[in-house]
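Please find one structure pasted underneath; my questions will follow.
Order of writing sets the chain letters: A, B, C and D. Residues in each chain are counted from 1.
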């Protein structure tokens, strides 16, 4: 039985008894927007009231109609949420922005749910993390918090093509991608800033990272493998305990021997693996997730559930399709 | 026009004028053996005389028939070349072993061609490097030689399924692999020893590495991305110059902006990319190759050409199919 | 709101108010069994009580424990359900057999839901159709019923590798499959008999078909394209009307312009397309589905819902993940 | 040893002894153009003299420079070869057009090599067949010639995405293609006309076909499966003999048990399989090829070799990469 776990924030319009909460989605034609529609179709307490896609004639978007919803999700191209998101928030409508515009903004809550649950529950402006950032931060957080990171870790990311969005391009054309895994943006990816911001906050001191993403020949799914030198030697058992304790009780973060995005299509879990290479005093932490679910719309819904005072897992499953 | 570039080694049986050299292949039914047969079909000076696959009844292998060839290639499962390879070599037959048995053996030449060209040309016992090792060593060699490696680099490898061999398994079953990139053997891969041996030799001091391979949803092709802290800051321009100078004139090692195994199917090139992340004083060096060609049978043929006094590139092309 | 649409059959044990119905699954480790577990995890009225996989020590299976369940699903290898299924049915336990053993048995109901809804609802022995058969029969049924089939239609099937089961083999090894679509069993596939049985029943006369399946480089998903000569010319509009009328109101059969299994991963829909080639008096009818859902476990659950007097769609969604 | 097999046609400029023949390529940046460049790089008697791609500034194309070559290949978008091809031919330059403009033109030779070898050798205007058409015609020719086709056969084609060209589109975006095989253009594909033209010529009477192509989740490779009712019953053995006899001695058409495009990447072979379904008096004929080689640039080179009086197989191999 799913029940509200938190008092409703005062700025949230409470649904009348029996009336479902109404969600508005701006930018509903991209992969994130469509995934959100899919997830909300199975949500017991929220229904989609507004679905505004430019390709369907909503140009400009109808801000008033979105403001009248109980929750607004912005699935706009990066750079386009800025004025719009603040206008909605000022109108008192809880907003989850799936773009990158507000991820470094002071007056928005960075919504990596497991690290900011209470803040999200009390916020009406949530900046949803990037897909790579979600995976990398969850993989490195226990090390940052424990003071175990010696220098900047290296983060090697591999994403399926859906991570590049719905617009076709020469770079993501199937024949360009099909034959192997290739690096891109080796030093300047947009997600570096949010990863460093999050790790710095957890470590209590400025932390930097190296991050190189790769494009892989599949559609959904994302994996990052992080390599971090340790400030002191730890055993494999200690490492596993550190991670299991950190994420104990989390429904959507699981410590496993074999994280694999292929097991998570459609599910909201982030699976973590951790291994100590004692010969080089290096810890290897890997994270796998579905970039469209925990890496985007699933986490957005997880956040929205909290903002609306609902059970965090409503409308979500951890496991993916597998096979 | 292809002509011999090196005097024939004294232990090599010279072909009579007009007579092609004869190759023997032990273990011709696996991917490496089949690829060698494919490459030799287009070789102007070597033909396949013996092709012994256990699945075709050669059990035990006919050592005498192989010893009578001008060159023998061993494409046997790891661990099975040991007695056999030495027997052939003692019989005076030049041998290229594609397995891992002799890669740390003192009396065998480790045949990473670009780093051991002269030694290979003068050797009759060549241990062909592993596929990941070829990529990682070529990517890191300029840094090791220049004393730029500060501590153990992290090597993140991604291979298509053909790298796991021809025997099907649950791990490599298409539905297990199709949905994403997954890490395996995070700290204990067989290739670590040969990578460390090679880098230590180049650096003039013991070097260690962290290496985590990943299984990716394609067939041929392999990519490694290496992350190394630098002993001193260098610029992007310096890094590129270092790599371009190191591999100047090499027909099968190319420095590029976008290494991608998808462009190299069937070709013997190893494409390298190098990027400096100045914010973290880290260099990122990536290498892409076809694991069955430059990572196995192509490099074996490149070595055999040298051992037989032929042009190193005979029967090989650098470029792959693309698309 | 989901409510029972049919009175409970007398042989069905009614759950006490508030108590969920209990399902038993024999053979829970294969793809069909795992998919059933996934679907039942989201079912509001049925929970998994017995999950017996031989790989987990259930060898022999515990028939009594299964018989005590409200519904039993048999996900055993083809040929192994025979004695077991009848024993359960005789014990009064409703059984859905996902294997092929009972698909031609007189005392079992062939459970292609949309064509046998009432019979399924009144049955305790349901033989769940094969994946190809489900697609082909749904695609050809309107033509068979309307007497439009002139001679045996040709059915060209393409399935992802999960259709071949969880056991890896040389034939389904990723490198064997990755580079294209290949025919197999061109004339003798197991599903021919059930397709012909169903079409003969619908046409009221014996009908034969030619069926050639193909293995395609993906995991889930199946498509069939059927080519049938027409007994009389019909227009494109007539054909579409025929199909839309036949499946009007069906939640899991949809007539569309572009059936594509890639849109249906995890969903229980079968999408149909129909086109008339007037130049050759041929009708082309295509069907796409997820072979593990509508082609196996989803249809099994659809049938079980009917057998238990529940809403047919409980625990199922039509749409798949897309992207 | 490769030698000329046919006297040079009088309109062909003979290369001076020792001078390679010079090829000009118009439209060298698409997949077909690039594949031709790859093939010619390994050709012992032809080198690329002109390589004109619009993306490299050749807009308009330099017709005079192409006319000065020994052979011109047109790899232009469909519809753009028209004026250009005739101008070159009138200038006396042998032309192979890889587009569709001249495939129904009386004054051009339809260059399906195995069916028109002598005509091609004596022609200076060759229209290279389409990829699907090459496969379908080779699969059905023995039946058409033997008078065995009863009514229009159904041709079910499956192509990798490279067949749709290099321009990315929503339809061919990896996430749109990755999850299954989907039909497109079910009744109106451009290749129908050339298939019917060829079969009509072989049968000596007008023949029609139904053809439905499908898009499959791979890059190179194409397969067609043809279903034809027989005018008289034949046995499996007769069918195999018919096909083996028809293509006896052909280096690039092979009759096999298991045609599979995955074995043919980069090779010029078309592999055929034939099976009789006696129960329905239907013959199933399947053909597999690499759409960029035998389906485009390889066959173009095969034709050019003939037109230039060279061995037909120069610069080509039958086998593909496999694995």
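Following the convention adopted for this analysis, a contact is a pair of C-beta atoms (placed from the backbone, for glycine too) under 8 Å apart; a residue touches a chain by one contact, two chains touch by 3 or more.
Treat the numbers as computed from the prediction; the structure is a model and nothing was measured.
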item: Of C-D and B-C, pair with higher C-beta contact tally; value: C-D
item: Cα-centroid distance, chain B relative to chain D, in whole angstrom; value: 36
item: Distance from chain D to chain C - Cα centre to Cα centre, in angstrom; value: 40
item: Rounded Å distance between chain B and chain C, as computed from the means of their C-alpha atoms; value: 48
item: For chain B, residues contacting two or more additional chains; value: 31, 160, 162, 175, 177-179, 217-220, 265, 323
item: Chain-level touch network, classified as line, ring, star, complete or other; value: complete
item: Chain A - residues contacting chain D, complex; value: 31, 160-162, 166, 168-170, 172-175, 177-179, 217-220
item: Chain B contact footprint on chain A (complex, rising order); value: 151-152, 154, 156, 158, 160, 175-184, 186-187, 208-210, 212, 214, 216-218, 220-223, 225, 227, 229, 258-265, 273, 275-277, 279-280, 282, 284, 286, 288, 323
item: Contacting residues of chain D [partner chain B, same complex]; value: 31, 34-35, 38, 41-42, 162, 166, 219-220, 265-266, 292, 317, 319, 321-323
